[in-house]
């Protein structure tokens, strides 16, 4: 509990953070930037887990443990993403989203 | 009377056709000629035997000639409506058997000489046999449908024979024209049969023709556009007959049909097939006479009279001798139609009917003779045109004499055959319709004139310089000429009225002297004029041709009927209907289908853009979708 | 093994043997033997049918019923009546002739023959099915090989044609499926279970509204394959691109499925719908008859001419079916047979001419009679038979149709249409004679075609195989006509 | 006091997040992300989840950010300006995000959270025992799964990043 701060305010902040992430995800043209946006989105949701755990069910630890898992998954994901990006860069010398459109159709 | 053997009369030529047609490469030409002649001789002998049996032995019961029928069902439609195949023996069918047998046999014999050395000799005889088979079948038909079946077969053999020289484009197009024009007429025939089949409930001649039968008595029960449906049926059937018999305005195929070998013209386009229309009307005569008080019969009379006059006028100006004969044929058939049209039914009233059949008979003889004679001439000078001929009497005495006999016969000079039959026709016309009578007399004069124009032009006139000196034809060709000439001389003395009459009773024909004198006089005037114009080489004909000016031009161009038809078919049907149809099909119907296809492709191409492979676009859509769904749920829940 | 299932088994076995046979020589011999067996079975079936019919009075004989898919009450349910027997015989003849005509197929012969046999399998299946669903399945089996046959072995714009044909037929199938399901879900109208069995459904009184609703679906679904105007455009392109044997099978057999389906499904199961809609479709059919004939006049490609002629002649079949009259129906069935044989003949001849001169453009052909007497003579005879000359099957069929259509319930509308349709025989003779006159008669068009190879034994066999029944039906129609007429009885009771 | 700190942290998070997604320099973008992550760790501290905050700092700020920076340095020049999206697209996306945010906030503010007033302190031991507990509500299975996942990710990352170059002798293909 943060004295004087209701759950609403925290949730508002995470929502904003979430949508900033979404915005970045959609508009950025660089794969690494996209990855960064994903981190933002993930963090926004992690915070929600934790906050709701703290505010509503302080006796439990589910939220916290989920947060740990998410962080672990995020780490794995980032590692993979970075390796893919690097490999991609070797193949096509670019990490621009528009150059990866060969997947289409 | 047992008539079951008569079935052999058509079947023997059919067997000959199959034999020659299937083995056309294996049988030697000489042998095939003999096979053809032999087969037909048997048929002819059977025909004569039948005629003898019928007319003199047991055809007449209580003074009335009976009808003998032997048939079996060929195809069922309903219990009452079916197509039968069989033979029907009555005076006119027997008479036609004789005509077909004589002319066909003569033509077979003649062809052995005329066609000698031709590539398709065997094929020719096969076709001739096919034709003879079909013609016998037509003559012996027991019902409308059977006659239609053989009608078509006759048409197709005519097509094959006209197109016999199939490498010649003119022959091919003439054959096509003949077939298509008659086919168009047969369309009317077929519709007539359909109407008749439905409203009369039968195709059978015996039932239809019975004057006390239900069909004739109840003709007024159904009407359509002011006329009885039966009358319509008869008119449509007559349309078929008019097509085959080259009546105006369906005559255009006949002159062109002269592209075929000359024996064919003699057999098909002079003596037998073209009179099928007359035979058809005669076959249904009681119906024509009784239904709607002879309305349809009047139509027959006027069309016959007009065609007769029309063709006679054109014949004067033609220069191709076969075409002159073709128009002459048309004119004479018009005569027969006219005679049928003015005929009554009972006793001597039916003189027109008798006269028509009589004229059919005599005309078959002398017109076949004329054609065969013309063939002999063509054989000698290798040309169809009058301008290439002249003075041939010295080279071809037999042809000359026989041709002269035929010309006298057709001009109605006594005592030749044509005089007797033509006289009867004029008597019938005189008794019923003066207008038609005048036309008949005028045509008689014209006939004499153009016939002798032809005769003088060929055998007299200026002598041409021939590359090969012409010579008389071989015996195989002159023998038929002599036989037919003999028949043309004596044919008129047959007491026809005793054998053939509308009511089957028979009556005694007698000469009407004033009328006969007038007709003969007119004929002689025609001959005289021809003598003056054409006997010696002179410029009279050219002067008069100039005097008539445009009229002469029209006439020699056959009043532009070919052009009118050509315009209708080429410009209107071909370009005006068919081309738009084809265009419509390619562009509108198919275009619609292609449009559907293409627009699908285009749409999918457009939609494909949405599936861009850019994950950010997907994300955008995903978010948007999620938001929209959320909004919808919020909306739903808050209400 | 029962006599009908053999018609499924034998093609399958033929295909299996074909899969393991190598090269043209073996493939064609195997297919020939296979189709000879089929023809033998078809003839045997006909005699067996006559024998069975004498003692058995039910609508279908040789019936057999196996549950195939229980939940939806789908059965493998087979049986034949006179109509199916006649059409099976036609199929067997045309398939065998097609094998002979493809004797020298060079590209992928094995695959070609396999497709051909599969196609025939589908066609047989349709003709023997009494179960709607099974019928539909076989119908699709028959249509699919068409795509391959045209797309792979075709000529000209073959992909386009194959695609067009397949898409239009598939579209029609989709419509048809709707109709069939419509019938299925109304088949319990009298309280029984839902069923696909045609004979059972025929006993059910399907509600009028449903009949009116579903008749157009079923009718159009089947009629498209019979080239109903205005859904005929796949046919000219398809024929033009297809190889000879395929054109033969297609026009000769496959297009008959349409008329057969209309008759067996649309008319039989939805009689009230047929009565309600016949006026509309009969107009389309009549237009098709005249329109096809006129379009044929304008064409210059031999195959296009025949394709349009088929539109016209099959229009006649549909027209006859829609007059709802027994005589005309009889005529429609005979016309199906006759047209099947004659079109197959025509396409075979066109294939032979094309194989020798490498052109199908009639302006480039002429005087062929001189150099190819056998083919020329047969061509002329076929042409004459096609335009309805007595003595050939076409005449018998047309006369039945015309007489029947004229008998129809004293209705001026029908009569006028009949007269319109009758007039097509003149147009038919125009285009046939134009064709014959141009390519067979007349002067030779080019000098280099002076010595073309004569017809070979397999070509002659193929042609005679087709020609003999044409003449047989034309000269002696009574037995065929009687066989069909008897089988029409149950149908006529349904409609009238 | 805490309130003010929260606002400051919230401000930092939002501002740097925005900066992160709009910066045209790659490396800066990453560094801004680092600030955001640190801010989030700050929130964890505020709500008394110290362990979580530590993880956040070590794994995220220490691990992931370093990874990203590595990759940035591997594939970019530091001075390279990033290409930006079209303005229309930006505006549309921004609008969409605003709308989404509106939906979120509307939902959040319309929802009554059953907040329990508490001062419970969670120790690391608690979390550890919960994670490794076999009892009902224990997380031993997911824990193991995550460890396998991490292993798999590690192996995968190595294999992928290694690329063909090391396995294939044929360099020309690349």
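To keep things simple, chains are lettered A, B, C and D as they appear, and every chain counts its residues starting from 1.
We take it that a residue touches a chain if its C-beta (ideal position, glycine included) is under 8 Å from a C-beta of that chain, and two chains touch if they have at least 3 such contacts.
This structure is a prediction, so every number in the text was calculated from the model and none was measured.
A.B. asks: Does B-C or B-D have the larger number of C-beta pairs in contact?
C.D. replies: Here the pair linked by more C-beta pairs in contact is B-C.
A.B. asks: Per the centroid of Cα atoms for each chain, what is the distance between chain B and chain C, given in Å?
C.D. replies: One centre to the other, that is 37 Å.
A.B. asks: Could you please state the distance in Å, as a whole number, between where the Cα atoms of chain B are centred and where those of chain D are centred?
C.D. replies: Between these chains, centre-to-centre, one finds 102 Å.
A.B. asks: Just give me the whole-number Å value for how far the CA centre of chain A lies from that of chain C.
C.D. replies: Inter-chain centre distance comes to 66 Å.
A.B. asks: Averaging over Cα atoms per chain, report the distance between chain A and chain B in Å.
C.D. replies: The mean C-alpha positions of chain A and chain B differ by 98 Å.
A.B. asks: Out of chain C, which residues touch more than one other chain, so two or more?
C.D. replies: Where chain C is concerned, no single residue meets two or more other chains.
A.B. asks: At which residue positions does chain A touch at least two other chains?
C.D. replies: 22, 26-28
A.B. asks: So which bits of chain D are touching at least two other chains?
C.D. replies: Expected reply: 93, 96-97, 100.
A.B. asks: Judged by the touch rule stated earlier, which pairs of chains are there in contact?
C.D. replies: Pairs flagged as touching, ordered by label: A-B, A-D, B-C, B-D.
A.B. asks: Can you check the complex and tell me which residues of chain B touch chain A?
C.D. replies: 608, 611-616, 619-620, 623
A.B. asks: Quick check on the complex: what are the chain D residues that touch chain B?
C.D. replies: My answer: residues 92-93, 96-97, 99-100, 103, 106-107.
A.B. asks: In their shared complex, at which residues does chain B touch chain D?
C.D. replies: Listed in rising order, the residues of chain B that touch chain D are 620, 623-624, 626-627, 630-631, 634.
A.B. asks: For the complex, give me every residue of chain A touching chain B.
C.D. replies: Answer in residue numbers: 22, 25-28, 34, 97-98, 101-105.
A.B. asks: Could you list, by residue number, the parts of chain B that touch chain C in their complex?
C.D. replies: Interface residues on chain B, with respect to chain C: 25, 73-78, 81, 83, 145, 148-150, 152-153, 156, 159, 163, 166-167, 169, 172-173, 175-176, 179-180, 183-184, 187, 190-191, 194-195, 197-198, 574, 577-579, 581-582, 585, 589-590, 592-593, 597.
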